[in-house]
Amino acid sequence: MTATAENPTRFGETSAAARLRRFAAVRERTARLCDPLAIEDYVIQTVAEVSPPKWHLAHTTWFFEHFILAEHLAHYRRFHTDYGYLFNSYYEGVGKYFPRTQRGLLSRPSVSEILAYRRHVNQAMNTLLSANLSKDRSKRIMQLTEIGLQHEQQHQELLLMDIKYNFAFNPMKPAYLDSSNKEEQGSAAPESVEFAWLSIPGGLVEVGTSTTHRFVYDNEKPRHRVHLQPFLLGNRLVTNGEYLEFIAAGGYQQPQWWLADGWNTVQQNQIRAPLYWYQKKADWFVYTLRGEVRLDEQEPVSHVSYYEADAYARWRGARLPLEQEWEHALSCHPPDTTTANFVEKGVRHPLPANANAKTDLYQGVGDLWEWSSSPYQPYPGYRAFPGLLGEYNGKFMCNQMVLRGGCCVTPATHFRPTYRNFFFPYDRWAFSGIRLAKDGG
Amino acid sequence: MTATAENPTRFGETSAAARLRRFAAVRERTARLCDPLAIEDYVIQTVAEVSPPKWHLAHTTWFFEHFILAEHLAHYRRFHTDYGYLFNSYYEGVGKYFPRTQRGLLSRPSVSEILAYRRHVNQAMNTLLSANLSKDRSKRIMQLTEIGLQHEQQHQELLLMDIKYNFAFNPMKPAYLDSSNKEEQGSAAPESVEFAWLSIPGGLVEVGTSTTHRFVYDNEKPRHRVHLQPFLLGNRLVTNGEYLEFIAAGGYQQPQWWLADGWNTVQQNQIRAPLYWYQKKADWFVYTLRGEVRLDEQEPVSHVSYYEADAYARWRGARLPLEQEWEHALSCHPPDTTTANFVEKGVRHPLPANANAKTDLYQGVGDLWEWSSSPYQPYPGYRAFPGLLGEYNGKFMCNQMVLRGGCCVTPATHFRPTYRNFFFPYDRWAFSGIRLAKDGG
Amino acid sequence: MTATAENPTRFGETSAAARLRRFAAVRERTARLCDPLAIEDYVIQTVAEVSPPKWHLAHTTWFFEHFILAEHLAHYRRFHTDYGYLFNSYYEGVGKYFPRTQRGLLSRPSVSEILAYRRHVNQAMNTLLSANLSKDRSKRIMQLTEIGLQHEQQHQELLLMDIKYNFAFNPMKPAYLDSSNKEEQGSAAPESVEFAWLSIPGGLVEVGTSTTHRFVYDNEKPRHRVHLQPFLLGNRLVTNGEYLEFIAAGGYQQPQWWLADGWNTVQQNQIRAPLYWYQKKADWFVYTLRGEVRLDEQEPVSHVSYYEADAYARWRGARLPLEQEWEHALSCHPPDTTTANFVEKGVRHPLPANANAKTDLYQGVGDLWEWSSSPYQPYPGYRAFPGLLGEYNGKFMCNQMVLRGGCCVTPATHFRPTYRNFFFPYDRWAFSGIRLAKDGG
Amino acid sequence: MTATAENPTRFGETSAAARLRRFAAVRERTARLCDPLAIEDYVIQTVAEVSPPKWHLAHTTWFFEHFILAEHLAHYRRFHTDYGYLFNSYYEGVGKYFPRTQRGLLSRPSVSEILAYRRHVNQAMNTLLSANLSKDRSKRIMQLTEIGLQHEQQHQELLLMDIKYNFAFNPMKPAYLDSSNKEEQGSAAPESVEFAWLSIPGGLVEVGTSTTHRFVYDNEKPRHRVHLQPFLLGNRLVTNGEYLEFIAAGGYQQPQWWLADGWNTVQQNQIRAPLYWYQKKADWFVYTLRGEVRLDEQEPVSHVSYYEADAYARWRGARLPLEQEWEHALSCHPPDTTTANFVEKGVRHPLPANANAKTDLYQGVGDLWEWSSSPYQPYPGYRAFPGLLGEYNGKFMCNQMVLRGGCCVTPATHFRPTYRNFFFPYDRWAFSGIRLAKDGG
């Protein structure tokens, strides 16, 4: 399976064969990501926001079954009457669904039953995608299929985030990947990249997209004008070494750097370092998908909350960028996508800035999702997806913060510069990092 | 006491005598707002976000003692060694403070001890404000005193919000004001105002302020440009009658109108109507500061959360305005401040839109705080107050939403068009209402 | 007012005048216990199991109104329609009642309204008790009145326990009684009493009572036989000094002494000493109803939970006595009631064992309620009070432990050797202490 | 495997070969009980008091490893350094242990790793049990091994209780046993048994045991005298049909039948029927280990809490028996053990009283654990097991209630008439039922 096969559909251009290949490739990659798991690993849910791997496998399948097959494939027979209830995630309009916080309390359906479910739905989708349909129906199905595949790719990313959390919770700290498998691991940049401020001009700029030629989420639309002040943006992500200075300076004990809700969060949860960091005597270690490793000061700091990112920035006399600033800066300083650390690279961990990259905005895409200072709100003129899929994005536009740039478990074929990811400000289990910004220019 | 005496200081212009008068008048008004209370009423706290009236009386006093007298009045003796701990609200930089959720568990200091505390501090402030000081120190003290008075006025508003909540909690539903005292009550508008859309032009506009001549909060600064699309704004607030239609149509039972967090909130708390509404058989009643009254369909709907405001707007095919849209619209359609329903009017309840007002933007100020769709974030170039007062506003710029316009318990002398109030999206105990907006123009 | 006037009614013997005197005296004492309170002190409830003083005043009054006047006094008019709901404590059969945990959230009815309620009911009770009634009705009313008075006396004890908890919660640690008022305080015993084991014979013994001549609670009935092994009983209560040895030896850190639920309780609540103890540097202090005092090593240890009492006993190689052992021992070694430290003595704090007492079972009654090792269960043949008063005791016979002996805030006229008090094993706000027992004889 | 092989060791009599056979047979039965499980079923824990099957398999193994092999088998090598922490249940004296409520959050060690752990420990135990040891060491090891086997048998029972709870939680309601496998199911009694009171004489009787010839738990010792009133005891368990009458009469809505804590429990958890009962339209169904079945009115009511048992008894004008009454009655009316429904019978569900049984105390043993009215307290003269095993029973002697008689998932070779089981009064996931008692005789 190559990433090429997974390239997103360009509406009206991509051939039926290419579409079938893409469907197969994306679906297949999800299954492959689970290859290192034992059956027991598919079952557990160690915290409310994490889902069991077998739930991800089933839910992404249900998505095709419910939103496409049930409506568009004649005589389609649902695989099991209970699966709608069990694998609907949050679509209130579709009907009642099993409580999210209890997904890890179900041993059945078993993994093999869920794999059978995937085969059943894949076959039916193949039938549908190969059928001779009217142009209108064909277009609608192509659009829905593309949503389903983009959705599946989002869950590929979640799958690895969730597996990481589940494994790290275990006192035995099992590894998801073999740490000795060097060929899959990234090699550190030959030389480190010194921090520098990039100066970005302000003025009336355009962000977002109004494309109709290819898939984008409703939340990326429409393209619109915003007025920005000139600003400075960090040329790379904040490193573990730089973050250690914040810890050493007592940053977690000094309320002046923190938002009120952030201060409460770190106090109540006794947070003293990023998620997955722990100390043995004087030394810091980090849990990764390859198990425990010594903290690498060159790597970008990861698994911090918005509160930590914001406090760190304030302590440095800086701030986080607006999402519009980030998008505008990226258009001024295009990243080097050939070296970008996405999931296909196989590292599954952020890498130090690569001095050889052909850009001066290092780690601009891949490696880590970057916290912006922008609350997740609709763009002016926002219209949600029609029908029940309107719940996909719009209803979450409150209380969450936007992150930009993709990360080391994001499929490269899923990413776009206008892509808006979002998490609650206290969330830390995503691969989230920090890029600094500053007023002026 | 007249509102005139309470007029805010114009830096460099207001005379010392006027400043002393203002100090006395604002402090006095706080005490007067408590006149209808029995001693027992000063003690209770019926929910975490509400504070006991005696705590408000003491905390506003501590503010002057800690931030001004302790530093600027030679030989000042603090009234009681424990009061710093007891009456610091949330200033982490000042030191530990008594838990907010337990303020209602303290019977001591008694009300009379707290009134003695107020006299002690008032006298010392008089001494300080009458002293012959260098120009620089005098200016600094004037600025701090103004913050203290603005702070006290915020608590005047909170005092009435909190008393309302505390009283409504009691099954006996006691009244704060005598309902028969007709002269203090507003008379309903002779004729109702029909709903209409005002068309507001877009473009590059300026919002916020950079004034140095008079007091503003740090969060209103600096004045800056934003780009707005043309939009429509409701000419008056949404009425109880209009909101009843939403209830009758099953709005609280239909997830499609609600943000995800809003839907969870109404489900978990079994919310089926605005706060203070309740039904007896078919009829709706409302608890007000004058006790129980029948629901008046002409009055604006009040005590709704952001979630309810947002859901209502979506159900109407509209949305809530951005705070920048609101501020821009107000400059296009100046409200009639002579008829505005602020606390001095004595009504302490929102009134129906007054058809006689000299404006076409009814209820633009006073009556109810209007939920905007803007998360409470810093303006570009924001700088917090210097020193420990930097915690006043800045640390709350996350997870809250901006409200605009003042309400029926806001002092008129406290309000400014650039004023940004903020509450959590689930908060309902403020006098908060709904003004609709819509794309287009 | 003398304790004599409060002597309980002997059915069939006590004169009407004496009964009226008793009613007045008991009711009056409740009010007198509140004399040291400020109005604010009547309102608060600092923890779920504590009630506001004004609630006690009203609830004991409602008891007479609901169970006697409403049924037996012709044309009796209830004082207020809401008071039944507000002041019913837990009688499910009577109807819905206001949640116990929220009693401190009501500022109204005010203290003065509740005092008026007391006068209203006292007058009506006087009318009823002076009326010329049939012998049967008179007897029934006499019995019910006696329950009401015993109930009021229980609440006198609770009132002081609750005030102590409420005051101790306040960081300012106000005192209920003036600590300089020496005449009301007990003087320490001239010489201390050395610990000794009393040897008590076993065999078939009788406990409980079947009296019909005077009031007893249903839970003291009937008199019945139990078989006891011979045992040893401590001649006095465990002292603060002895308990300090347990703390110093690390007793709170060593799980082997503790019941599983006790260990969880002390871990979760970080309990390291009895309630009201706290350390300043090396020195131990105790909060008392007269404010803070230095720990007196001769005084009996108080405000311990059953878990602490049980752990201490196990650490000493001993155990707690069964309630039947306690009752049997008391009949073998009658205490000296003339020196007993009950509420009338005015000390309101436990005293060291008095070497001058005419007994060898010191502190057998008064000073502190003594934890037995007996779960609170019905005696064989138990019958609850008839009617709705059946809820008085019977429904609590699960999950609680029996305490015996009365304490320094128990009215002497309320105590009986067969009296069974009961609290949950984790409760600590009662005046509860420890007497050791041991197998053998 | 036959039950015979599992017969408990008679100290000093049983041969080494028989002891090896018993060890193998008991250990083997545990594994066999898991045969119907899928791998996924071993992982989950649907409520705090239930443990994952793989935890039971590992914990019982750790028990032998820690308490026997580590001390008594020279050169024994622990299987894994983390297993002590992971599989210690509650022995504080042994060291820290993984939180009970999170056992279902660990996917590793996997089932196959745990089965390897079992083999490792079984082999080492075989070595130890076959070794030529001094008489004293041999005796000590025999005693400890017997504790380990009795402990394993307790967990066999828990395993089925927990599997039942886990499976019933799943909306798909999977079955543990094949419902069509008729040969394993009990056949209903040919004729039903009419309810009757057995009259049991009172007086001084002996209960408990002081045996040294065979294993008993410390909590069954010592044999001692108690004085009982004559009483009546139901000749069989309360049936589903009888319990339905309580439901139909509104028993769950009438507070007068309930203990206070019981009433709170049913209100807060909205309990309206025994656990595993549910209604589809008018018909009642029950979840069993063979999946869903229609409610059988002849079967004894099962999975009720102490609160429900107590309320039901009070509603019938009866009460629950003391544990001493139960034990005394059993000696007066020996049950027919040949027909008793224990785990070996393979039914794994309670059966209607069997009219053919050779006794007049039907269902006296097997079928269901019977709630007594006795709190779980130490017998007079109780001594806990020596050493760290002292935590086995003693520390739970508070807040729990005794149940007697064994049930349909209890190994027959584990049961004794003096056996004291105990659960919290709110627990319902055990196979617990109701036998009525009454004063008089």
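We just call them A, B, C and D in the order they show up, numbering each chain from 1.
Quick note on the criterion: contacts are C-beta pairs under 8 Å (C-beta built on N, C-alpha and C of every residue); 3 or more make two chains touch, one makes a residue touch a chain.
This is a predicted model, so every value here is computed, not measured.
**Q** If you apply the touch rule, which chains end up adjacent to both chain B and chain C?
**A** Expected: no chain.
**Q** If you average the Cα atoms per chain, which one ends up farthest from chain A?
**A** C
**Q** When the centre of a chain is set as the mean of its C-alpha atoms, what distance in Å lies between chain A and chain B?
**A** Distance between chain centres, rounded to whole Å: 39 Å.
**Q** With chain centres defined as C-alpha means, what is the inter-centre distance between chain A and chain C in Å?
**A** The computed centroid separation for chain A versus chain C comes out at 62 Å.
**Q** In whole angstrom, what separates the CA-based centres of chain A and chain D?
**A** Chain A and chain D have C-alpha centres separated by 48 Å.
**Q** Residues of chain B that touch two or more other chains: which are they?
**A** none
**Q** Which chain pairs here would you call touching?
**A** All touching pairs, sorted by chain label, are A-B, A-D, B-C, C-D.
**Q** Applying the document's contact rule, which stretches of chain D touch chain C when the two form their complex?
**A** 90, 92-93, 204, 224-227, 229, 255-256, 258-263, 306-307, 310, 373-375, 377, 380-381, 390-391, 395-399, 425, 439
**Q** Provide the residue numbers of chain B that touch chain C in the complex, in ascending order.
**A** So the residues of chain B in touch with chain C come to 38-46, 54, 82, 85-86, 98, 104-111, 166, 169-172, 174.
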